[in-house]
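Going in written order, the chains are labelled A, B and C, and every chain counts its residues from 1.
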Amino acid sequence: MNELAERVKEISDQNVYSCYLCGNCSAGCMFTDEMDTLPHQVIALVQMEDKDALEKNTSWICASCFVCSVRCPRGLDVAAIMEALREIKIRERGFRKIDLRKIKDIEKLPQIAITAAAQKFTW
Amino acid sequence: MSEEKNPMATIYIMGKAYKVPNTLTIMKAIEYAGYRFIRSCGCRGGFCGSCTTFYRVKNDYKLYVDLACQKRVEDEMYIVQLPFMPAEKPKWDIDKMKPTTDEVIRVFPEIARCLSCNVCTEACPQDIEVMRAIQALRRGDLEDVVNLTFDCISCGACSIRCPAEITHYQVFQLARRLHGKYETIPAKHLMERVKEIEKGNFDDKMSKLMDMNVEKLKQLYKKREIEK
Amino acid sequence: MEVLYYPGCSLKNTYPEFEKSTYAACEKLGINLVEIPEWNCCGVVPSLATDNVMRHLGAVRSFINAQEKGKEIGTNVVVTLCSMCYNVLKRVNLILKEQADVLKNVNDFIDDQPDYVPELEIVHFLNLLKNVGFDKLKERIVIPLRGLKVAPYYGCALLRPDRPKGVPIDDPENPTVIENLIRSIGAEPAEFPFKTECCGNYHIVFEPGIVEMRTKKIIGSARSEKADVILSPCPLCTYNLQHGNETLDRSEQVPVIFFTQLLALSLGVKSHLSTEMENQILKKIGGEKFV
């Protein structure tokens, strides 16, 4: 197992080598229009230890709706793999995805949305 | 005084060992050791929050926080003082706000990151249940926040330990002010006094004080009425 | 029936009317909701990282308070109204039941409260209604919403993921519990292919465009099924769908209602819907005598 795949397994307990790239996750994903790379392609990148997997916007667009995780024929929790890719970035010292003090129109947003975003985009 | 009656304690001030009488407060012990305070020292009475001190003791992993003017030294105590807690104070206009949790979160969205770890409470030298207050805020109970945080002296110990980077004392101040302005009945005598001030009833007395020389001011201060 | 109740931030701050309508409905149904004292924020989205136990703490502290209160009133059932809270609490509770090392880890960390013994049962209010029985519920209905076509929207958090096993309240691909609720209050459920799709979740904060794209499709689907309203069990979905409505022409909009408000209306108690909305529904069911 390569180092990146190892790290993903450490965080998500998911073995990316289980994936045979059928593309079911990408077919069911509702957010692919916004993604520069499809979910199963990102998994392929991790299998090949291509660090580009961390730079694609795929994991950040993923909203953890778990359709992929429910439909994966190999039983992989794809959403958890995406979370692992986010976590690897978020845990880097100095990395900052968002600034909560700069949320546009924050006065209109409910607490539930701000909290969810804070949990997903900050460590 | 014999050594037995008044045994000495070894304390480490920023790593350097000193032998000091174990009856002293941390603050007095630091002075005993020869330091002169130019900061981290204020009222010496446990109110101002300037002398927040972090320490560990031997054979204990816990990081303790207390006010140097209130806490007695212990043997094998490792001490450092918190000179200042860096915090940016966001601007808010209380006249344009409502007394709700949502309003507080808009000013301090980092509250949304609270993990309920309770490290803030462990850090508070005033024994405030800091995490409980933040969570009371999340529950939308502003009054609970106010009652829980009344004793906050804004020392910042909670904020330096918070994994969510919340500056609790600023949050609580905003909560108290919102509650005070919108949810409490204004005190009648206070409103009357404000009116008197605005009318200029005390202008003469004030300008007399302003024109007074230092000596006279000192005398006046010594003769002031003190509540007994 | 007395059960413990975990409200969550939305019902206490953003949408108090959801909670009020629930209390009104529960009184009618003989369900006594006992709010967990000093509950903590659940965190809204559960951590999917196995090594991030810290994120469970809010839920666990609430469990401890629920456990102590539960001993007093003699129940171990915790009900949530918010599907996001449900997902987090259910998931964390299952993890603690299954993984003794994680349980020990959090109990050791929380040294200022009693240990949590994972014996609570987390249920969503929809499941509570199901347990009461939709037939029984039907008997209590005062204003059957005949002629009202309701699109049952589930969203994600009630249905997915099935990991740890037991999180979904229904079949993740073809749930029916909201349809059953809709039938029992006399309304007609719409065949709604987008009922389990995601509304865009927290993207409303930094990428509202994603939410607008998602909700446009969901609302459009409900509209093409001629639904009068969309019924939602989730405060965040409700917010996002309402935001979606605002970006659409009036003719393309479908009003979004939280499920307990429609339930309260049909039970003949205060629904806390806007007067306009309530009248619109009553007009639709030909119940102008109720207006």
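Here is the rule we go by: contacts are C-beta pairs under 8 Å (C-beta built on N, C-alpha and C of every residue); 3 or more make two chains touch, one makes a residue touch a chain.
Computed from a prediction, not measured in an experiment: that's the story for all the values here.
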Measuring centre to centre with C-alpha atoms, which chain is farthest from subunit C? B
For this structure, I'd like the pair of chains sharing the most C-beta contacts. A-C
Closest chain to global C-alpha mean, per-chain Cα centroids: C
Counting only Cα atoms for the centres, state how far subunit A is from subunit B in Å. 42
Quick one: subunit B and subunit C, Cα centre-to-centre, how many Å? 42
Inter-centroid spacing, subunit C versus subunit A (mean Cα positions, whole Å): 25
Listing for subunit C: what residues touch at least two other chains? 9, 13-14, 41, 43, 55
Per-residue multi-chain contacts in subunit B, two or more chains: 101-102, 138
What positions in subunit A touch 2 or more of the other chains? 103, 110-111, 114-115, 117, 119
So in the complex, which bits of subunit B are touching subunit C? 100-102, 114-118, 121, 132, 135-136, 138-140, 163
If you look only at subunit C, which of its residues touch subunit B in the complex? 7, 9, 12-14, 38-41, 43, 54-55, 57-58, 61, 109-110, 112
Which residues of subunit C touch subunit A once you look at their complex with the stated criterion? 8-10, 13-15, 41, 43-45, 47-52, 55, 82, 84, 156, 159-163, 172-173, 196-198, 200-207, 210, 213-214, 235-236, 239
Could you list, by residue number, the parts of subunit A that touch subunit B in their complex? 100-101, 103, 106-107, 110-111, 114-115, 117-119, 122
Okay, in this complex, where on subunit A does subunit C touch? 10-13, 30-31, 33-34, 61, 63-67, 69-70, 77, 79-80, 83-84, 87, 98, 103, 109-117, 119-121
